[in-house]
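We just call them A, B and C in the order they show up, numbering each chain from 1.
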Amino acid sequence: MSGEDIREAPDASVITEAFWMWKKDQCDWSGREHLAERMNPLLKEVRHNPLLWLLVFVPVVFAAAKLKPEAHTLLFVLSVLAIVPLAALLSHATESVASKTGDSVGGLLNATLGNLTELVIAVTALRAGQYMLVKASVAGAIVTNTLFMLGASFFIGGLKYHIQEYNRVTARFQAGLLFLATVALLIPSAVSHADSAAEMAFTRKLSLGLSVLLIVAYGLGMVFSLKTHRELFASAESGEAGETPWPIGLALATLAGVTVLVALVSEVFIESVQEAAVAFGMTPAFVGFIVVALVGAAAEMASAFSGARKNRLDLSVGIALGSASQIALFVAPVLVLLSYVLGPVPMDLSFWPGAVVMMLIATMTASVVTNSGRSAWFAGVLLLMVYLIFAMTLYLLPPRAS
Amino acid sequence: MSGEDIREAPDASVITEAFWMWKKDQCDWSGREHLAERMNPLLKEVRHNPLLWLLVFVPVVFAAAKLKPEAHTLLFVLSVLAIVPLAALLSHATESVASKTGDSVGGLLNATLGNLTELVIAVTALRAGQYMLVKASVAGAIVTNTLFMLGASFFIGGLKYHIQEYNRVTARFQAGLLFLATVALLIPSAVSHADSAAEMAFTRKLSLGLSVLLIVAYGLGMVFSLKTHRELFASAESGEAGETPWPIGLALATLAGVTVLVALVSEVFIESVQEAAVAFGMTPAFVGFIVVALVGAAAEMASAFSGARKNRLDLSVGIALGSASQIALFVAPVLVLLSYVLGPVPMDLSFWPGAVVMMLIATMTASVVTNSGRSAWFAGVLLLMVYLIFAMTLYLLPPRAS
Amino acid sequence: MSGEDIREAPDASVITEAFWMWKKDQCDWSGREHLAERMNPLLKEVRHNPLLWLLVFVPVVFAAAKLKPEAHTLLFVLSVLAIVPLAALLSHATESVASKTGDSVGGLLNATLGNLTELVIAVTALRAGQYMLVKASVAGAIVTNTLFMLGASFFIGGLKYHIQEYNRVTARFQAGLLFLATVALLIPSAVSHADSAAEMAFTRKLSLGLSVLLIVAYGLGMVFSLKTHRELFASAESGEAGETPWPIGLALATLAGVTVLVALVSEVFIESVQEAAVAFGMTPAFVGFIVVALVGAAAEMASAFSGARKNRLDLSVGIALGSASQIALFVAPVLVLLSYVLGPVPMDLSFWPGAVVMMLIATMTASVVTNSGRSAWFAGVLLLMVYLIFAMTLYLLPPRAS
């Protein structure tokens, strides 16, 4: 059986099985029935979970974007309503995969697909040369994942369980990667103020070099955590038995399809958010840092919070910190490299000093809080309070300084 | 018996008993004899401890302040001489209460009453609109408690015991609260330079919001450490059997009465310290940060050092870090809120950058040093050396930069 | 036998034995044969280790420096070629001493003698009034030791062993000392910008006071780690049995003699490096921070890497962090004091802000990475990546900003 194969050699057989499914559906005339049978758990899920009824907003938002492209506030609300159920679906699909491949691999998978949203948003902005928005969304995603997603996971889990334990090696490893990325983002602004032409050329060359370094470090980190020392990253405990997981094929297909839908809805969201923000009285800094980052990470948040509620905090920590380090060490450098191809001018890695301070504090806070491998609800409060301090500062900040 | 009640439900019965005592003294015609009998251990203590003979300076300083209000150097010396024995009395009273309620609750009680001094000093300065002095004394109190009080406790304890152990959960919890407060004090100056009117309005609104956040965090921290997870904050070991503790009623009465005396003497001290400092050749920055903070915390220091000598390092760590976090998360925000009622203009939370750096370094040092839950004399040396670096810097600092 | 004496009371007997050897060689007519017999293991080592054949470059570099003092690029290459084998010899000699005295004392000895090189270089520059070079080499040595030497040790050891353990108390102690020194170097630039005459006088007085504080802290640290709490600093595990160690007398004599040769060759190196750097297209900041520091620490690196390969990571951590803290708490303050005697004007402790940031990050990184007392190859990658970020930044930095 394929289930057994997967347990023995997951990486290869996952692909084999996906390919097989596709082959079968193509060749077999009775493919439709098979597909319907396979979709059964998905439809069941939709029927039992009222949240998923919001899926109706997905076609609505596309229709509205076509018919009334200038109704920004309406599109903003509709796109948020559409992203929420998609995020919930994504959560269940990821958990199904994770239940067959182990929490660490599942967490990595989740983080990879979850960050597609951020990547799509950023590439769209990159093409338009809106580098301020790209940088704000990168910095905001790092801060939101390490403080809000991790903090809320600890808080939600802590309300149900007195003390929760998780694998501190995973947390330390991810915090180490994040620290490295923060140093790389801190140094260009610490040694130089890009005012003269010579300094701007320096910052650009340095950013290119740092981007390559970060991608190499991220790759070596994958080798370390998934190959040479994977036994260190095993889950601390298995937690409650979850709902019956979907078959791996359906889970993978849902994961892929829903991610595409999330990306498409996100584009409508991004086009409308700036103008809607003005209507709601928010500053641009607050929109880029907080609103875009929160909605962009909605899918991963649903998974992380669900993991926390089921006492599978390893999944939550893996998603939150793994996603943050992936954005810092992979998405951001890739965007710098892509800017040489797609953008009007090359993008550098120098951030607004306030954003650097926030990323540095977020990394340090996450590192200190996760150091013990145990959490209670107050650990969540600490992380959320630091996030609230940042959000409040950005909300009140006079526009000029952003 | 009341003693047994207290062991079962300390919070309620302490108040009940205090009320009972008061009722009894009021109603009973033989109250005086009872009072004298109760005061017995206090008088015994005074007779046996030569330090307490300095109590004679308490009336002397009040008399001198009335008769010679302009003799600042004399008043300065007299007020320091009067605070020392009061601090010693406070120490014994707190230990008596702590011996009945557990070290953590005792430490909290001590920190609360000890910081009344700082609060009284700061409110006096607030009414006069001397916000620089208020901020310097707040920052100085945080730095002095985390570096000098904790460092000297480790050093004094380490001279007597080879290795001392304490509850690292308490230390981590308090360090986490302090870290949160430092972030709140750091952000306003990191993102804005309050030069224009728009930025000043921003800093003021932000300070108000941050103050509310910090008070909420402090309250949640109390709920966590005293209610939901109080078992984590139990003492690591009980140490030597101390002297016979006073009865709880006498201890509480002494605690309250002596605290009031300390506050009154502190006021004389504050009025005289600025002019006396000039006579001794000290800079205003040094006076606010070091001298006021050291004298203001004298009472708590006596308790913390006595705890260290008796191998009850949990008491010392609880007083030092608990007091620092209380000032940062409770006293400072309350002062901001009070400034709207008492001050000429609202006070904000933006500090002199040098003070922010010192608070940040003090918090990080305390966090790193207390991380292991074990201490030896050199841990004290490290903390004291960092304090000496700060003190030396402030002593030599040219007046303009403070 | 002397071997047994050493095991019982190492400090005293090492000196006694060295004195005895010297006495014997002086008084005994058959001293030469004894000496030859003693030198036997040294000659054997040279014959078996092809690396040591490079020793031939030692006389060559001295001859070239006499004959062609203006051929800077040639002298630069020759001096590097001469330092490498000397470093290898030093490594074996130190290990021989360490095998008799325990890794911690051996590590201290190594760090002390290894830093003679840095001291000689710095004193030469001090006499010429080249304070920028002195400061760059001090900051560079701290960064190179904590990031490159420690990182490469972890990486080299990790390629051979899956997980390596070491004494985390040693690492924490050294990281604590380094943190203290970083605070001392950070404060003068944090509170003042030495632009006016009053501020320059302040910085100078403060630097003098801080230097005395740091030397006192270093001395107390020695008392703590070698006297009162030496049992805490014992090695975590003994690792592989190394090669047969040399007799203690030969080892000590080699240690002393080779250190002098390293110092002499280093002087030729320093005279040539600036001009050779220009020929190779490097910036002055890169030369001072990276090239001088790497070559100056070559001797200690050989020992540290050899320790890592033999699973004696305690030796590596002791050399890397011990050497960094010795430079920060002993060499740098001694240079400030010496500048009052040898230099044209007193030197202060205020560094270029970029250098302060790098020292601070290096200290924090080493502290976080060594916190667990375990290492795998990726810990080395993290440290080396931070080092690469710094090296790349300095290499690209426009000359004006250095």
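Some notes on this structure:
We take it that contacts are C-beta pairs under 8 Å (C-beta built on N, C-alpha and C of every residue); 3 or more make two chains touch, one makes a residue touch a chain.
Note that this is a predicted model, so its numbers are computed, not measured.
Shown here, the protein chains touch in all possible pairs.
Overlaying chain B onto chain C using CA atoms gives a rotation of 120 degrees, to the nearest 5.
Both chain A and chain B derive from one sequence, and where they touch, under half of the residue numbers involved are common to the two copies. With centres taken as mean Cα positions, chain B sits 44 Å from chain A. In chain B, the residues touching two or more other chains are 371. Put simply, chain A touches chain B in their complex at residues 162, 353-354, 357, 361, 365, 368-369, 371-372, 376-379, 381-382, 385-386, 388-390, 392-393, 396-398, 400-401. Chain C makes touch with chain B in their complex at residues 172-173, 175-177, 179-180, 183-184, 186-188, 190-192, 198-199, 202, 205-206, 209-210, 213, 216-217, 220-221, 224, 228-229, 232, 367, 371.
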